[in-house]
Amino acid sequence: MKKIYPDARAALDGLTFDGMTVMSGGFGLCGIAENLIVALRDSGVKDLTVISNNAGVDDFGLGLLLQTRQIKKMISSYVGENKEFERQYLSGELELEFNPQGTLAERCRAGGAGIPGFYTKTGVGTLIAEGKEHKEFDGETYIMETGLVADLSIVKAWKGDEQGNLVFRKTARNFNPMMATAGKVTVAEVEEIVPLGSLDPDCIHTPGVYVQRLIKGEHEKRVEQRTVRQRETA
Amino acid sequence: MAWDRNQMAERAAKELEDGFYVNLGIGIPTLVANYIPDGVDVTLQSENGMLGMGPFPYDDEVDPDLINAGKQTITELRRTSYFSSADSFAMIRGGHIDLSILGAMEVSEKGDLANWMIPGKMVKGMGGAMDLVAGVKRVVVVMDHASKAGDPKLLHNCSLPLTGQQVVDMVITNLGVFEIDRGKGMKLTELAPGVTVDDVKAQTEANFEIAV
Amino acid sequence: MAWDRNQMAERAAKELEDGFYVNLGIGIPTLVANYIPDGVDVTLQSENGMLGMGPFPYDDEVDPDLINAGKQTITELRRTSYFSSADSFAMIRGGHIDLSILGAMEVSEKGDLANWMIPGKMVKGMGGAMDLVAGVKRVVVVMDHASKAGDPKLLHNCSLPLTGQQVVDMVITNLGVFEIDRGKGMKLTELAPGVTVDDVKAQTEANFEIAV
Amino acid sequence: MKKIYPDARAALDGLTFDGMTVMSGGFGLCGIAENLIVALRDSGVKDLTVISNNAGVDDFGLGLLLQTRQIKKMISSYVGENKEFERQYLSGELELEFNPQGTLAERCRAGGAGIPGFYTKTGVGTLIAEGKEHKEFDGETYIMETGLVADLSIVKAWKGDEQGNLVFRKTARNFNPMMATAGKVTVAEVEEIVPLGSLDPDCIHTPGVYVQRLIKGEHEKRVEQRTVRQRETA
């Protein structure tokens, strides 16, 4: 069972179909599967439902799939960075389901963990709670949220080995580990493929069982908001 | 007189206690980190998966893999740990964060909060705000007392769609400080310098007790 | 003739496919690891929090922090990862493990499984068995065809409290192999050398088709 | 806020009361809070409900609290290693609630994560499902299980720092991370207290927010079943 593929196009070969659901890891532009998003665009697949915390920016990340109108629906918590998104949404071309960020994260984890539903306080008494089952626990009201799974998950890690074991770096971890568990097929792109045995087994964030295909990518790692401080001059 | 943005942040910083784990929202709440009192050690959580958030980086330290929930580049500290979004919101939802300080469009006298959408305008999304107000032990709102148009933002009931119901414990505005007994009512406990109770009343729709 | 313990394990090992992630129960299932076919690469999961379980350690390698779900000392491999019990059972419950091979006291013709308690006797607990049979994609039982007293263990309905309902896909006994269409019925697909269909019938209460 | 305490007795000071619920990490004798269990015994606290996957052996681990009859009830998945347990249970002195191991692990995680209930397939159609809410998702039946919290969690890690950040070693991780999240107060014992900043922030298993008190312990780390293989002689 070889998990390592030569490039992003090869790694998606045979996995895409119109109308499919794709989970895409990352937070803003941090920790997104840059190469696989481009390959997904180039595959020409249409009518995607994309589950991703954000929607990229106009010319990078998931914005590339919005430009080509390959996305039918987004399930996200925040899409404020993308003008093309706004245009398509306001014109009715694009469906949008907002989830609170923690609910979205937990729904992905639940989907991967075989948990079809769970209760949370988040969103009680808001629009988010409408139409959802309410239940009391110890006198407090909670709403039921459901687990999410995807036909395909694309995730981005720092390092990976031939078994598909993955390690993420700093806040580029974000949604990637849960999404890796919730794809019927999960394809990962990494900055470096390391020799088997070189990752500390106590520090593997995503065990290889969750990763079916793996590529080494080239990553621009664009910064969305460069905020810096000045060095005090002595 | 009233407080400016920095003074509001400075007042909010007095809500920090030694050992607290704190989540700061975007805008004025971010400024609170500049006013942490001496001898008070707090750890900042960023809901995209980090505990122990440091200041902005120097120009040559910028790391695209290291951002906060506002997508700004930041730094780590010796105490820092990273984790997934699911683990981050488990921390928030599970009540392990002591204090959340965030902005608002409207707050009701019962502690309802609206800060994520205006019907008819493009909605950007609630991000982690609904999770934070539902899960964090204590929620402090920092906002201007009135809208730019002069309309009150402290209301009997929020007119905008809610972020959370009966979730706010304190509101700090440019005019003063209100404590809220969730679900019951609010009281004015402090006034900014030179501000009178009548000034506050004139710009407030919500009922409030006066305890200054 | 019939199969002995090792032969049953060897037969069970034929269910392994290249790339499979597998959880092996205590007893005969543990022996399956000795018969992994050439060219078939499998990764063993241990539900106490390990993927990539290695063989028993040499005497000077024993590590009290490294045990399997049977509490036996083991070793790690180059592919090994460790995780918490919650993450381990997320993996199991979420259907990410391809195959579970475990022992049983009773199996019904619809695929019900009983292997954790005998009323009136001290109950030690189900451990992870209920999670494994509910979550793993394919469940293979390896057990003696009859009890020591000679009573059939393949039944119309289990007499003992269930570990899982309609969860077993295959049963390998000392007499042969049965495939189960969960919830529908079972068929005999192989006989151990020298065993006849009549031998099997004599020791079986469950209805089964004959497909040998 | 000093989290480091001089010893186990000091670390439990003021935290114990009769009738309390305690979560105790570990799997078998692997990764158990040896020192804190002894201190809990020495505190004399009574009528404990103990949530722990196992119950130790007669003279080690939670077996020490059974000897002194300080435990009223156990919530566990497997207790087969302990003869004193068997005697007390059969004589009716001890209550016992069996949970499937994965359900127990998830209940602890849920409790720590503010999730009061979740659905699982585990146990459907068995004794475990009796009296529990059943619900269908996509034509399959699931049962609802509830989140667990404890008045006190005692956990054992490999390394820790003054902020309470913890790292576990190999399979000694097991139930410890979830239980650390589900205690109203969590006390950890570690083999080594390391300088702040020396743990890799990408590899901290339990962030310090979950740990209120910390001690360095001395650990016997008893092996329950020493299984070895022979070296082939050349």
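Chains: A, B, C and D, in written order; residue numbering restarts at 1 for each.
Operating definition for what follows: contacts are C-beta pairs under 8 Å (C-beta built on N, C-alpha and C of every residue); 3 or more make two chains touch, one makes a residue touch a chain.
It should be emphasised that the depicted structure is a prediction, and the values quoted were computed from it without experimental measurement.
The fewest steps needed to get from chain A to chain D, moving only between touching chains, is 1.
With respect to chain A, maximal separation of chain centres occurs for C (centres as means of Cα atoms). Chain A and chain B have Cα centroids lying 28 Å from one another. Here the spacing of chain B and chain C, counted between their Cα centres, is 54 Å.
Once the centre of each chain is set as its mean CA position, chain B and chain D turn out to be 36 Å apart.
Each of the following residues of chain A touches two or more other chains: 106, 109, 113-115, 120-121, 168-170, 173, 201-202, 205.
Looking at chain C, one finds that residues 76, 82-83, 89-90, 92-93, 135 touch two or more other chains. Taken chain by chain, the contacts fit none of the simple shapes, being neither an open path, a ring, a star, nor a full set of pairwise contacts. Contacting chain pairs (ordered by label): A-B, A-C, A-D, B-D, C-D.
Only residues 1, 109, 111-115, 161, 163, 165, 181, 196-197, 199, 201-202, 204, 207-210 of chain A touch chain C when the two sit together in their complex. Of all the residues in chain D, the ones that touch chain C in their complex are 27-31, 53, 76-81, 86, 89-90, 98, 100-106, 108-109, 120-128, 158, 168-178, 205, 221-231. Partner chain A is touched in their complex by these residues of chain D: 106, 110, 113-121, 135, 137-138, 140, 142, 146, 167-170, 173, 200-203, 205.
Listing the residues of chain B that touch chain A in their complex gives 46-50, 55-59, 61-74, 76, 82-86, 88-90, 92-93, 112, 122-131, 134-135, 161-166. Those residues of chain C whose C-beta lies close enough to touch chain A in the complex are 18-19, 21, 41, 43, 45, 51-52, 76, 78-83, 89-97, 135.
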